[in-house]
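Each of the next two complexes has chain A plus one other chain: chain B in the first, chain C in the second.
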Partner chain A sequence: MDPWTTLAQLIVNGLAAGCVYGLVALGFALVYKATEVVNFAQGDLLMVAAFAGWTLIEVAGLPYAVAFPVTVLLLAVLGFGLDRVVVRPILGRPQFATIMLTIGIAFAMRGVVSMTWGPQARTFETPFSRKNTPFFDVVLSDVSLSIIAATAVLSALLFAFFRWSWLGIAMQSASQNQMAAYLMGIPVKAVTSLTWALSASVAACAGLLLAPIALVDIALWLVILKAFAAAVLGGFGSIPGAIVGGLLIGLVEQFVGVYLLQEAKGIAGYVVLLAVLLVWPRGLFGGGERKRV
Partner chain B sequence: MRFPFITEYRDDLRLLRYRSDWWSYGALLAVLLVLPAVLGRFYLGEVAFIFVLAIAAVGLMTLTGFTGLVSLGHGAFLGVGAYAHALLMANGVPFVVALPAAGVATAAIGVAVGFPTLRLSGLYLAIATLAFSVIVEHVLGHWRSLTGGFLGLTVQRPDLFGWSLAGRTEFYYLCLAVLAGVVLAARNLLRSETGRAFIALRDSETAAAAFGVNVAWYKTLAFAVSAGVTGIAGGLYAHKLGHITPEAFGLFTSLELVLMVVVGGLGSLRGAVLGAIFVGALPQVIAFFRDVLPKGFLPTTGLELTLYGGILVLFLLFEPDGLNGRWLKIKALFQTFPLYRRRTFQRTKTYMRSERYR
Partner chain C sequence: MTALLEVRNVETYYGPINAIKGVSLDVADGSVVAVLGANGAGKSTLLKTVAGVMNPFKGTIVFDGRPIAGLDADDVARRGLSLVPEGRQVFPFLSVRENLMMGAFARRREADLPREIAAVFDYFPRLRERERIAAGLLSGGEQQMLAIGRALMAKPRLLLLDEPSLGLSPLLVAEIFAIVARINRETRVGVLLVEQNAQRALDLAHFGYVLEVGRIVMADTSERLKQKDDIRDFYLGQRDAGVRDRQRWRRRKTWR
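For the complex of A and B:
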């Protein structure tokens, strides 16, 4: 392959992986803005979605176009329930407690998935599997294209939702100032639970999009580590920052793997993460948030 | 409830608060000393393993429980200690020198992690240490010339001046001695000026700085001490495993260590040991039930994880002080028998400490 084709291929692969990181990062940016809880179980929500999608498609025999929204809905219910039952009582405790709580939820979800579905990896058919689209000299896999297109559509939908819908504006106001939101008649608790539902359904989309390239496996939750890198790079809690950070991390990984050092591909994202934290903790789009003493 | 009557300054500095504590801890030590005569070989090994975990938990407790710095990457320190110890022993360094040297090497790595992360706190520190843990596991797996890659490294048998410590009983006594030494050292450190500085930093960094605590120095010191103790635990862990691979020191180990200190109860050494007992003993309890219950009644995978996660969540929601808090409450119940009040342990309400500036 000539160098330009390789480059184009790398960019598309990097963008596809980056979109998934960005979606996961977006999921916890939503929850972080609303409740200052960082959801360490976001990766596990993604994994649960992939397994649920597999069950609906391969066991129940539903077509992909039906299974996708059903899975997203299921995960939204799961996210709503998690907030209602487990997370809400702990709000107001030190941040460490909330981090540990979500880690506990993550452990339990991983355990339940492994008890229900067993440890073996699996895969499911999608309309994009094993198909390619030639684009000039470059052959692009449909799976990568589907991820990029779906992320673009999802970002546009979320933008419209936060900009124009009643609920989206209520979510923004509740995350900016809870007390003022209460006084304006916004049911803050319900809105927070709905934010969790939204975040879980974004994770579900990411899981279903990722499943065709990575196997449906317990190890899918590790995506959250890359998503942390994306979120920190983009500025924690910033929604456009999450997507941009994700894309950058995805590209950096691909380029380091090919042009620098094959072994370093796996940790390139984490090195970027540490470097950003040490040098520039605010990230690309981080607001002027200050810690209160 | 008993209250210690403090009549002079020296009373405040006592190693144990009550005189009767000497009897109870002495009795505990006596039981542990005669345990090898009673316990079977398999369970003796498991108890020694719990001792190793407890050493690492004490290391993490000084950082997270007493200095208030969250680390989700202590499994990496355990790994650095284990590899340093194994490599030193493989190059002919005697055991008595290699184990402290592994601790010192890990402490140096701890400084290398702690110093740059001085600006970070809370969430960001948690994420940074998590990333550190992943990077260390990756480096251990790919630096083949030094660590043997994913195939791992075989650990030499430990000996002390020509006397082998590889047997179950000898290894048990070795771990017990190191654990007792570490707990005593940690207790001494924490009632000294250094320990009070750590606790002041945990409660309020600004207030501590206003009282003249050198924040940067004590935070780095906390990282060094914590990593050093965990490194020593790593050396013993290497002997326990016999053959070390990078997977043994991955994310899961890090999270297990955090589980120990949280379930045990943050801010108490007793909690660290109780948490280690919980995490170390749970797989044995599950194995026991698997034998007793009909075949296929318990799922083969995932049960342990589910229990870890579920128990962690339940503790955080209903007993944030952990096993140690539960222990203190039960003790108070019996000491004040008909007059126990739940309120005794209730703190004034804590409000959400926002990371935002409004």
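For the complex of A and C:
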């Protein structure tokens, strides 16, 4: 293959994988900023979304364009409920307790999924499956392009939401000074639950976008390992950092896999993470988030 | 006429510590009331209890004819009672404008926002120059102005100010108190002010209470309070030191 073609495809594949990592990392960041809880069930939310999407499309026969928003909505409800019912009572306890709790939620979701759908992998049809778009001499897969485009749109929407909407700014204020947010008449508890809902819907988007390349499988939750690296790389709790960190790790993996050593693909992202943390211990975008005492 | 705020026999605990031991006070609509007291007298606890940040163990709090004791702070705020907390507590990474916007969260009237923000800038012109700057980067005085302006954005009927002079230069304190006086005159918002700076507080207030170790020990118009020996002694510092040391004990006893 022509080296330029290879390069272009690597970039697109890397960006597509990176977008998924970035979206999951963004889910971490949202919840972490709002409640200082690291949600280790983020990858499992993505996995549940993929299964829910499969059910709606392959079993219920809904068109993709309907199944997508319905799944996102279902996951939003799940995220809202998780905060309200499970996480809320444990807030204010030591950090260790909340970590164990979210890991427990993750295991519970894996268990429920394997009991409900069984362990076998499956896939569902999307408008992008097995299609390609020629771009000059290069042929790019529609699935990868759809992931990149959807992530770009989602990031823009989130940016606008946090910049201009009442609820978006209220979410930020509740995470910056909870007591003051109460004093403004902001219903902080409801706002926090909505942050969980938002975080779960972002995971749902990632899961539905990823499913056509990765198969709908319980092992989808493992994406959390890459996403966690992406979140730390970008600076934990930073929203732009999450996306940038995800893209970097996605690209590095692809490049290392092809140009250096196929076997090193899996660890390349972590090597970059370690190297960056040695120079910038707070991650790329973590500088300004220092706490005031 | 019934008062805008009626606090009756309120007791509040800070963990095991009985910080407020049965306090009663009134704030009439549109008036300025000061609560004086030393460190640890329970002033902040009193305001936090009224604002719903802390729950009273006993007693009733009636605001605008409705009981509010034990309600959540956001609920109390939506009823028209805004607390400007001690230490400002602005949202550090939000801009001045976004901080003000959050002050109006309970009403969320997008169309009125520019006019209301302009009204706050009219009281605090310094904030207008800082409109797009993150609140965490403002000076202490500017943050205090922002905190008061943010509370005004809710269009409250009663403003609770917790030590607005804390950590500010005398000049800035004078400026901020003058603005609070003007706000009270022009908008008729009631003000319940808690202060260590007794001189400033009594100059501003119509009525004053003295709080000592969780109890109200004196209540009178601020004109009369300013004339009392005990007040001149302990809060205004207008006697010479020799007498002050000797009399401190006896006077405190007579208050109970």
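Operating definition for what follows: the second predicted complex is superposed on the first by the 279 of 293 C-alpha atoms of A that agree within 3 Å, B and C clash if a C-alpha of one lies under 4 Å from a C-alpha of the other, contacts with A are read in each partner's own complex, and residues count from 1 in each chain.
Just so it is clear, a residue touches a chain if its C-beta (ideal position, glycine included) is under 8 Å from a C-beta of that chain, and two chains touch if they have at least 3 such contacts.
Because the structure is a prediction, the values reported are computed rather than measured.
K.L.:
Which partner does A:114 contact after superposing on A: first (chain B), second (chain C), both, neither?
P.N.:
A:114 contacts chain B only, not chain C.
K.L.:
Of the two partner chains, chain B (first) and chain C (second), which one does A:188 touch, if any: first, second, both, or neither?
P.N.:
second
K.L.:
So, does A:169 touch the first partner chain B, the second partner chain C, both, or neither?
P.N.:
After superposing on A, A:169 lies in contact with chain C but is clear of chain B.
K.L.:
Using the touch criterion from the header, give the chain among chain B and chain C with more contacted residues in chain A.
P.N.:
When the residues of chain A touched by each partner are counted, B comes out ahead.
K.L.:
According to the stated criteria, A:38 is in contact with first (chain B), second (chain C), both, or neither; which is it?
P.N.:
So A:38 only meets chain B here.
K.L.:
On the A-aligned overlay, A:177 touches which partner chain: chain B = first, chain C = second, or both, or neither?
P.N.:
both
K.L.:
Per the contact definition in the header, classify A:225: touching chain B only (first), chain C only (second), both, or neither.
P.N.:
The answer is first: A:225 touches chain B but not chain C.
K.L.:
Once the two structures are fitted together, what part of chain A is touched by chain B and by chain C alike?
P.N.:
Comparing the two interfaces on chain A, one with chain B and one with chain C, the shared residues are 177, 292.
K.L.:
If we count contacts the way the header does, which residues on chain A are in touch with chain B in the complex?
P.N.:
36, 38, 86, 89-97, 99-101, 103-115, 118-119, 177, 225, 228-229, 232, 236, 263, 266-267, 270-271, 273-274, 277-278, 281, 289-293
K.L.:
Touching residues of chain C toward chain A in the complex: what are they?
P.N.:
Residues 51, 53, 72-74, 77-78, 82-83, 85, 89-94, 98-99, 101-103, 105-106, 108, 136, 150-151, 154.
K.L.:
Considering the complex alone, what residue numbers of chain A touch chain C?
P.N.:
That would be residues 166, 169-170, 172-173, 176-177, 179-188, 288, 292 of chain A.
K.L.:
So in the complex, which bits of chain B are touching chain A?
P.N.:
Chain B residues touching chain A: 64, 70, 116-117, 119-124, 126-128, 130-132, 134-135, 138-139, 142, 206, 255, 258, 262, 266, 299, 301-313, 316-317, 320, 350-358.
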